[in-house]
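In the two complexes that follow, subunit A is the common piece, with subunit B as its partner first and subunit C second.
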Partner chain A sequence: MKIMVAVKQVAALDEDFAIRSDGRDVDADFFIRDLNEWDDFSLEEAVKIKEAAAEPVEVVAVSVGADEVDESLRKCLAKGADRAIRVWDAAIEGSDSVAIARILAAVAQREAPQMLFAGVQSSDQSFASTGIATAAFLGWPHAAVVTSLSLAPGAKSAVFRRELEGGLLHEVEIQCPAVLTIQLGINTPRYASLRSIKQAAGKPIEVLSLADVGLNAADVGEAGSLSRVRRMYVPDKGRAQLIDGDAAQQAARLADIIREFKGAQT
Partner chain B sequence: MSGILVIAEQRRGELRPVSLELVGAAEGLRRAGEAVAVAILGSDPQRFVGALSVAGVDEILTVKVAAPEFDADTFESAVGALIAERNPDVVLAAHSVDSFGFAAALAARLKLGFATDVFRVERIEGELVATRGGYGQKVSVEVDFPGRRTVLLAIRGNVFKAPEQAASPRVTAFDAPQVASRAAGREFIELSAGDDVDMAAAEFILTIGRGIGEEAKVPQFRELADAIGATLGCSRPIADAGWLPKSRQVGQSGKTASACKLYIAMGVSGAIQHLAGMKHVNTIVAVNSDAEASIFGVAKYGIVGDVFEIAEELRKHF
Partner chain C sequence: MRLFYVLGYAALAVFGYGVYVQIRKYRRGAALKLEGGFWTRLGAMLSSVLSGRTVDRRDPAAGGAHRLIFYGFMLLFAGTATITLEYDILEPLFGIRFWYGTFYLVFSLVLDVAGAALIAGLLFMMYRRGWMRLPKLDYARPDRQPGDPDFDRPQYRREDWAFLWMLLIIAATGYVLEAARLVWLQDRADVWDTRWWSPVGALLAEAMRAAGLSAHGGGLLRHGLWWFHGLIALILIALIPSTKVKHIFTAAASLMVRDPLAAQRLPRIPESVAQAGAAKITDFNWKQLLNLDACTKCGRCHEACPARAVGAPLSPRDVILSLREFAHATLESGVIPDAAELDVHGKAPGQVSMETLWSCRTCMACVEICPVAVEHVPIIVQMRRKLVEDGAMDPLLTKTLQTIHKTGNSFGESKRKRGAWSKPLPFPVKDARKEPVDVLWFVGDYASFDPRNQKVSQIFASLLNEAGVDFGILYDGESNAGNDVRRVGEEGLYEVLATANMNALASAKFNSVVTTDPHSFNTIRNEYPDFGGKYEIQHYTTLVKRLFAEKRLQVTRPLKYRVTFHDPCHLGRFNKGYDAPRDLLALLGCELVEMGRCKANSFCCGAGGGRIWVPDPVGAEKPAQNRMKEAAAIAGLEVYVVSCPKDLTMFEDALKTTGNEGKFVVKELIELIREAIPAPRAEAVPA
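Entry: the complex of A and B
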């Protein structure tokens, strides 16, 4: 069995950051890049299935992005992925989550996994769409916000629970192959050992072009996207009234707030 | 036809409140003469007609489907058929777990303009523009949809105001195509109670987040919560790590702290899901060492400082 795990290298922002001169994104100089937190969980879920299986299971981590993404893919290799694939072409710049999904689906068609995992969402753009849109391009059944999963390698179906609002779970059985988007907390992602990090450093990362996966420039970038960023700006915020002073003074004011509240209750 | 199509949500026989917020969002967007139709899917959609009969709704589309609860294949097929027949300019769905499960697939398949977690929607020079957050809500992002006939927007909850006035919209039964779903819903499970705390009833909650750093610090905050008379809650990472039971988790996917009036968040940076679940609280006090933490955007009072120092100092007062 093969499980494909779609991963993203996300960007957090430096404390002081600047918007790019065209006003449509943050200047990449201020990005702090890392593997998306959700993807750590979906990778772990795939590796857990591999480790528990009697038959061989291959875990393939796939990402779309320029060469800096190799760092996140190496992290996946160090944590138990067997192979890593990265797709890049300058035309991919400006793609939204649906255009990225089209690329991931093209890779899935090549790889023919029995299951595809993606994170529920990315911590930077938080569209919560890539995995489910990938399923649409593949024509596969799909489910979002999976918080527990029972999947036997080779089985025709899997049973999972999706996490709903307000502390409710919904148990569902789904036909395989399927795309599942994985929620935080489904497992406890492992730390990569020094030894596995060293081993991962020597493993190859397959780099594919758009042509390699059977797509062309019109399928990606703005042309292949369903939305376009018009403007990015820093909103007015910080409504909170700041309580100044040293810790003792701040705590004293907080104690007053608590007493005021309790006074109003009685 | 043009107009706005709203996709309502129901679960276990109850209309989800966000459905009416979508009507509120549609109301702000509709142009003169434009109609707002609300579609409700279910095995007995008729039962929701009363709850959906509010000002701003011109038509309720009852869509009878085999699946009583949300099912991705069913929704994609039925909403796809609705879009094909009604040809709306805008489709509004909730940015919810159910919509996570189908909206992106539908948009990809029908090539609809598409954006999620939208908290503002407007027309600028006739073009639809949606605003959402980026980079952990540190920036706002305006997106548009050049060349798209129909745009599907998943709208953030607790942003738009639900209409309060009742009305008598026209009710139309819509025949959805039958679909052989590839998934089967089984049962609902309430989040297992790890202890007998009732977060929904708690009026004063002290919540701890990732900022407390390690499990060994939890007892100190439990003791503080007891001393000040608060119920101890936590954000998602603390519950996921097993430091406190899931029943203590507050925010969108945890228990809704619906009775909470005073909320002290210590070391909670404020993921959007967490903030969405606490927006109704009258007084939020955020204590965080990161002055840029998004929780300061919704808190009434903010303390930028070391959570342990503040906790120790606060303890002396009670």
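Entry: the complex of A and C
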């Protein structure tokens, strides 16, 4: 059995940062890169299934990105993924989540896994759409925000649970192959020691081009995207105001403000 | 007589086989190449063993009694051995005899006194075990529950007593034999007239005669008792390799292979080794397996351990004894069991649990006090390395390690902000990467990011500035030094941090390094050299002392405080920096009152070994609180002085939680120096 785990290297921001000159993203110099937190959980879920299985299970971590993504893929390999695949081409720059999903779907067709995991969302962009869009391209059944999963290797279906509003649990059976987006807290991700990451350097990271996965430049980047970032900016601050004066004056001003917000009431 | 020789050879054969089994056990451990020359090691060992000074420490009565037993036993053994030499070898083969005349008489006297010493020592040890009720001799384990098969190990107690009784019986029957011989041969003038050369034997002989023992009766008694005495002695010899008696050899060998930097400089993982840390008993090296057998259960480490003192499930003694039992059960038979049965991690008898391993603060109190050079800390850290590989640790610790990897500091702050504490200063602090400096100050995480410690850093920078020291820092080039990361057992991350710092240091021009952080001090001084980074480094107390000596700093307002000083583990015990801080306190005019546990016996604040990143169990006493209570007992104490950023954090907290706030204060020595040398106005740090 094979499980494919789609992972993303996300960017966290340093405290001081600057917006890129085109105004559409943060300057990459200020990125602190790391594996997306949700992906720690989806990878762990796959590795747990592998470790519990009597028959061999292969876990393949797949990501879309330039060389720096190898660092995150090595972390996946250190944590128990058997192989890693990275797809990159300069044309991919500027892709939205749907274009990325098109690439992941192409890889999934090539790998033919029984199950594809993705994180519910990425911590930097938070579209929460890549996993589900991948399922759409593949035409596979899918479910989002999975909080518990039971999957027997080789089985034709899997059973999972989702948390709904009002404290309800949703238990669902789904046909394989399927795409599940995994929620935080489904398990306890293991620690990848620096030595294990270093040793994972020996495991293969396969780098694929667009042609390798049967796509061309028009399928990705801005050309293949359905949305486009117009600008990224820090909103103006200034809704807070400091109230001066002694306690009585401050209280009176505060009362005025509250009345103002309450609106006219008789 | 022939029968006795048969028995004697049998005993020697059992002894020889036992020695073979033990040596085979040690050889099943991993390889290790010792540093240093054989003769130096031998000299150091003999000096410890013959002086008995390691046994004296913190228990001079036991040390004295041990010395009586040691010398008594050695002399009697040597005496018996020379008799054997003459009787069985030299005389029958070469006709040489020396066992007569003055030599004989003097030797009789010496052996008689030796026997008395041995018996006196043994009787004291019996009194000590039976009546003194010393907590350190209680074998109950803090990491096991009553009812567990290895909870209080009564077999150890039985063995202790059997050992004492056996030696006592051998010594006592020796005297009776001597006396019976005198009674038996009372008509032979050469024997009887010189009897007072064996004063104890002679007294006993007189008593026997007075009690009506005839010469014939003496002869019979001697013959019967001779067998009894001889058999017990032979049994003792045969049992040496399999009982605590073997410490005669294992303790001496352990002292001989002692590493004086065992806890200060942890072992590297060789490039050729894929697995990190100790998972199986055979992952320990032969020296560590020997260490396990050297332990005499004296309990000094048990007593000194701060984790044990606050009820954590760890006693260094029991880690050692557990592993010893484990090695005994698995490595002494002809074939080594399967790998699965060699796993030392877990809760079964002989195994060590992760709760135990994570309780350790690597403060080195155990290693420092061990009279037989058992090196607990590297053993514990090597086991932790395996836990780290498996991710078997507190989630908060996992988070901290990830944070350190990502940002280079344990606070999760941006690298760029590392030097931000220096911004409010009225003078610029040089960036040692951009311009050459005389002294490079390695600041460390706590002094850089913790708001309370930042104030101390600012004061120290001002003091250096006023003293005209040409200094600089590495700003965002500096990372966590890695001392505690290494002691957690995250060796890979340690290598990353050490390499990053060595690269940053290589990019700077400086003559020497100073640090306000004892943890950084230790790893840069003792461990970076293993990775190729050799620097002249000192703790700030040494530098400031020199600045006073050179009159570059002068006390203008002597302080009259009654203070006590807490030796940080990594400055004191680890690097013997006991004097500089005390000299400084004297220079400042403070009256220093020592706590009971000071200098080598200083009591860890609880922050070491990465424990500052893991909260202590709620409700249980923390080591820092235990320490605060000790300090609070000093009448009229005004200032509890520390010289380590982590100590400042730990003890200011403990001061509050033990209800001592308002009674005395916790201050960094740097702050007291500032008080004694008020800053010139322009130099004052803006609040």
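As a working rule, the second predicted complex is superposed on the first by the 229 of 266 C-alpha atoms of A that agree within 3 Å, B and C clash if a C-alpha of one lies under 4 Å from a C-alpha of the other, contacts with A are read in each partner's own complex, and residues count from 1 in each chain.
One rule holds for everything that comes next: contacts are C-beta pairs under 8 Å (C-beta built on N, C-alpha and C of every residue); 3 or more make two chains touch, one makes a residue touch a chain.
Values in this document were obtained by computation on a predicted structure and should not be read as measured data.
Visitor: What's your read, subunit B or subunit C touching more residues of subunit A?
Guide: With both complexes superposed on chain A, more residues of subunit A are touched by B.
Visitor: Which partner chains sit in contact with A:150 here, subunit B, subunit C, both or neither? Use first/second/both/neither.
Guide: The answer is neither, since A:150 touches no partner chain.
Visitor: Please indicate which partner A:15 is in contact with in the superposed arrangement: first for subunit B, second for subunit C, both, or neither.
Guide: both
Visitor: In the superposed arrangement, does A:109 touch subunit B (first), subunit C (second), both or neither?
Guide: In the superposition, A:109 touches no partner, neither subunit B nor subunit C.
Visitor: Should A:209 be classified as contacting the first partner (subunit B), the second (subunit C), both, or neither?
Guide: So A:209 meets neither subunit B nor subunit C here.
Visitor: Touching A:32 in the superposition: subunit B (first), subunit C (second), both, neither?
Guide: The answer is second: A:32 touches subunit C but not subunit B.
Visitor: Looking at A:231, would you say it contacts subunit B, subunit C, both, or neither? Reply first, second, both or neither.
Guide: Only subunit B is touched by A:231; subunit C is not.
Visitor: After the superposition on A, what does A:195 contact: first (subunit B), second (subunit C), both or neither?
Guide: Only subunit C; A:195 stays clear of subunit B.
Visitor: Across the two complexes, find the residues of subunit A that touch subunit B and also touch subunit C.
Guide: Overlap of subunit B and subunit C footprints on subunit A: residues 15, 188.
Visitor: Taking the complex as given, what residues does subunit C use to touch subunit A?
Guide: It is residues 269, 274, 276, 388-391, 393, 395, 398, 401-402, 405-407, 414, 416-417, 490-493, 495-496 of subunit C that touch subunit A.
Visitor: Can you check the complex and tell me which residues of subunit A touch subunit B?
Guide: It comes out as residues 11-13, 15, 17, 19, 26, 96-98, 101-102, 120, 123-130, 132-133, 135-137, 141-145, 159, 161-175, 178, 181, 184-185, 188, 226-235, 237-243, 247-248, 250-255, 257-258, 261-262, 265.
Visitor: Spell out the part of subunit B that touches subunit A in their complex, as residue ranges.
Guide: On the subunit B side, the touching residues are 11, 69-70, 72-73, 95-98, 100-109, 111-117, 129-130, 132-136, 138-146, 148, 182-191, 203-204, 228-229, 236-237, 239-241, 246-247, 249, 252-256, 261-262, 264, 272, 283, 285-287, 292, 294, 296-306, 309-310, 312-314, 316-318.
Visitor: Going by the contact rule set out above, which residues of subunit A touch subunit C in the complex?
Guide: For this pair, the touching residues of subunit A are 14-16, 32, 34, 188, 190-191, 193-199.
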